[in-house]
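Here chain A shows up in two complexes: once beside chain B, once beside chain C.
Right after this comes the complex of A and B.
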């Protein structure tokens, strides 16, 4: 199919170069971190994997919405709301009941955020405005459900996300599976199924999608529903990690900004239709991993935000220069 | 498979027509886009839908295709009433459309685009083979493919849906002549299968050649339904334009460029990657120099280089005898070399007003804090008057018709001042009346001493407007002709690289 034998490799690099680059950056950062601390072992792997879970899930959800041509500023509110609700409801329950609650929370949030997508479609109000509002609403609900930090969950539920009933341990498998399995499933779903492709199509060119018979309305609703479910999963992961609920607004706002940073760093265009969930997940883990690294090299934690911001700008600039060079050559 | 015998498309009294639309109307607020249109297409018929810009052709097609909902009227396919609410409904009813802008998703590859619309990939592949695109890479991103390929891919996809009626909106507008022939062949084959084609075009020669029937719209209503034959091309034009005098049949005049007119633009062995391979040309003040080429012969890159949008890899560009080192179009514009690009929306600020669009190049020279000086406002007004731009929809340039948008793009340079005008396919998809106005304007500008370099994909128009024609093939100039010698045939032969090279270029 290709004109020259060298083409496939170059083509692959052009299509997936960004994703590969972000994963490479993650590997380099983790390797560097390993040299900075006295002992790097399964405890550290577990720590990175499990503590990244909320931001990873949030980024997957944000990625699906942004690829579909939207943006969801309500994911942070959704995270603290589900965290609060889960901690409140799960406190003192058996594992079976806790799992039922988890499934119920996921289904309810998918429905709720699907409704948000529907409202955006029907009202034609920009995504950013509607989801900014829902973010406030969700955050308010979080405080109504759980006015102050508290609540709890079952040990088995904590094991599911962290690898131990107490939330502290060296068994990294559950957390690693929790990162890789949803990532792989969503990535495949997006590029293999007609629904997934229609999300890419709607984000890429809504008019052309409509003209070629794609149900753009449905694609957007589905994207928001999936985004909402993953924000809820992030809330559940937070419940499992901390063993409690915390409805503070700043946690949600911070998480939301990180999810946008992760997808941008992960190579997803804010204009929609371009990028992959796989890259966004690597970027999300990078954003988390920076914290222990900066601590390890002795940076004041207060300056770490500056470093994060600087990194995003630097990476985006390198990307811009590479793109410019590619265009010049063509 | 409801394959009827390949009948000659004679109006049968018994069975209902393939498509019948009666009294279709559409209004946007107070603006009437379609008053009341009737359209009847018989099985096994190639039916032309004609009309000047704004006559309502596109609105009618969009209603038939389910893109917009009509306010009134009845549509029936094979006698059964249909009311398509989305393009997928129209497709289910047997109506497939190839729109003016390809309905393909830029960020997906070809295969993904096909999977998205649940079409038989093997059938698409087969049709692509018949229209000369058998080697299209299904892994290629749509964004990376040129527009003509996208048009044909869209056509192959529509054919693979196996529709009763194929609706083609201006499909030949951006197609080079050789690919247009492939499309005509497919249309004839579709007819031979007893299916029908609705063909929307501005090119009457094409209508004369292949259409069995023609419906002419004007001001949102029917004015004529005729069987085109070689004799009545003028009748069709008259029907389309109403009382407007036919300006399109301009005389084929040889405007002598005054001897000794200064050379304002010159290129010497200009090169850019493998697209432009040593182009040397000289453009004098007062001259309209035509560029004729099939698609993809480097003409777009040549214009980019001249407009300062890209730096050449070799050779040089001289403006008024001085080497041009343009780092961006800004530098070229300062030297008086300005571009009217093919894509009007690329040059316009679509959300802004007509006046702001016209004044855009003046902003650099504005030395005051508050807006434009009075004489600059006057320059803008003069440009509007001179081009007779219809400014009723002036609040946002994107609301103008295609022809008026193009006038704004040209008018911007009138207001700003220029010496060399580069026009890249300026009349693509524009009705013949506006087209004539644009060509008249180019001639006027040349008479006033401007130099014009004109590329057009419509070869038959070259002898009408140009003083001299260069034929580009494989990124090099292969022939030069006087307008009288530049018949469509001669140009096509040369454009295929068949004529004897005149020794220019690499």
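Right after this comes the complex of A and C.
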């Protein structure tokens, strides 16, 4: 069967078909959006790129954790906590200090979420339960750090994520680089390095990996640490986008839902070990882009939310049916 | 010395086995200790008046957690319970001018419909329960936010009957009516899980779905029933909450999602399915109820409450998994 000439192409399609499909869908959606509005230019590209940054970062982090066989329901709490902390600390500081704070926040959250991975390993409590609890703890910390919306950041820091000091503009390069660079780095890290592959192996079959000498304990801790750092990066991006901090619980909960939806739509199996960060990123951008599209068609935000939820379910139903048919045939 | 060294692990093992065999004893002890601590913090707590507030909080939580327990037994989860409860409460509040019966029945319909949709998604189309119920939650938020300004505009206060059911008490204002409702639900669920075919099938599906399918069970029907039940319980819990609050809004049950999962987890139900009881969940809900009272007495702000909640849930889950691992 594998000897037929068509096999490599078919193999590629089977391996990367979903990822390619999601990217194709993104291109189609953006093209459709371009025809829906009177003028589509660099302002719209900038808007899509920068506003999808938080969900993109959150999805990259969630993707790494889920590929490693876990799930992090605490990413939303992490996002609002780092958003609150960054806005509180960065207010009125110079760019140099702000960047130092950003690096400090990333390192601290990586350690903190690595500790969560350690707790999951040692306690043998399911990932869902531990991270639901840590998500609550993080949201509590967010409220302690910043009891009500406020704070600020440096203009240069906003430029880094949005392409302008005021957060509004037509320079899309910084935001596009912020999407592509981390995606490419993490994707390569996952499939090229020993640690990255050990995360895939651990997620695929923990016992088999352990017995073949993979350091599964370490893989899980690293996956959670990277996941936490990316959730923090999402929080920093939110700070840069809005220029302030907002510790509301619902923001975190909503962001968490979107990150899980994005990775599943992006072709990552919740059972672990399957899928790629690249697909998840495309799905994340799609989830954001649906908002302006549905608005352009004339739906109000509430109806848009219903349609988005319905679309997620519909896609998952179709995927479920395809999977069922494939299994019946084999 | 050698004898002592040999005896200690042995006695420890026996103790661990005893604890693992009687999980309700551990939970009861934790509950008693928490009640005692709360009693020390606030003298008035150890009275019908003080304890009543705990039960008024624990009853809706316990009822919502009943659905969660049933689903966790099937290795599923329902992250839409908070929104189903809120939606049901909102409908009940809106329909209150038409009488209590209509209000309650229409409120329960919300749970029925959302639960059935979840069940079809998970049971028939094999959508991951996490995704299905998260998406359902988001759909319900959208629907009810827009309905609040259109077809559900009007009354947001609930009728006296629901108010009495959710917040009132009988026998000289000592025992809340909602405790009675909860007792009914508890009896139904405990007996149902133990003694009915559906109940046993819920455990079986969570334990080994392939074996259940090969044995000829139509798993999708069992899952559909489970999700419908979860929706109905969430709706009932939401209506009780509306009665307790007296009025409804779209944030009514928002804070009940984590506690509903936590109550089941503290009670020893495994999120991987096949293991757990509702009596454990009842204790879990009561423990969280006492904790809620304690934090209120300590005048802790919402931030501290969230942190303490998370830490306690994590700690108890850890303790539980440690105790059960000792047995092996």
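Operating definition for what follows: the second predicted complex is superposed on the first by the 317 of 330 C-alpha atoms of A that agree within 3 Å, B and C clash if a C-alpha of one lies under 4 Å from a C-alpha of the other, contacts with A are read in each partner's own complex, and residues count from 1 in each chain.
FYI, a contact is a pair of C-beta atoms (placed from the backbone, for glycine too) under 8 Å apart; a residue touches a chain by one contact, two chains touch by 3 or more.
Keep in mind the model is a prediction, meaning the values are calculated, not measured.
Student: In the overlaid three-chain picture, which partner chain does A:250 touch, first (chain B) or second (chain C), both, or neither?
Tutor: Second partner only, chain C.
Student: Quick one: is A:144 in contact with chain B, with chain C, with both, or with neither? Answer first, second, both or neither.
Tutor: A:144 sits against chain C, while chain B stays out of touch.
Student: Now for A:97: first (chain B), second (chain C), both, or neither, which partner does it touch?
Tutor: A:97 contacts neither chain B nor chain C.
Student: Could you say whether A:322 touches chain B, chain C, both of them, or neither, answering first, second, both or neither?
Tutor: It touches nothing on chain B or chain C.
Student: Which of the two partners, first being chain B and second being chain C, lies in contact with A:210: first, second, both, or neither?
Tutor: first
Student: First (chain B), second (chain C), both or neither: which does A:181 touch?
Tutor: Touch status of A:181: no partner.
Student: Check whether A:132 is in contact with chain B, with chain C, with both or with neither, and answer first, second, both or neither.
Tutor: second
Student: Once chain A of both complexes is superposed, is A:107 in touch with chain B (first), chain C (second), both, or neither?
Tutor: neither
Student: Scan A:191 for contacts with chain B and chain C and give back first, second, both or neither.
Tutor: First partner only.
Student: Given the superposition on chain A, which partner contacts more residues in chain A: chain B or chain C?
Tutor: Residues of chain A touched, chain B against chain C: more for C.
Student: Quick check on the output: what are the common chain A residues between the chain B footprint and the chain C footprint?
Tutor: In chain A, no position sits in both the chain B and chain C interfaces.
Student: Which bits of chain A are touching chain C when the two form their complex?
Tutor: 71, 119, 123-126, 128-130, 132-137, 139-144, 147, 249-250, 254, 257, 260-261, 264, 270, 300, 302-306, 308-310, 312-313, 316-317, 320-321, 323-324
Student: Quick one: in the complex, what on chain C touches chain A?
Tutor: 77, 121, 125-128, 130-132, 134-139, 141-143, 145-146, 254, 258, 261-262, 265, 270-272, 301-311, 313-314, 317-318, 320-322, 325
Student: Flag every residue of chain A that touches chain B in the complex, lowest number first.
Tutor: 1-2, 11, 15, 191, 194, 197-198, 200-201, 203-205, 207-215, 273-274, 329-330
Student: Would you pull the chain B residues touching chain A in the complex into a rising list?
Tutor: 65, 67, 86-88, 91, 97, 99, 101-108, 112-113, 115-118, 137-139, 141, 157, 273
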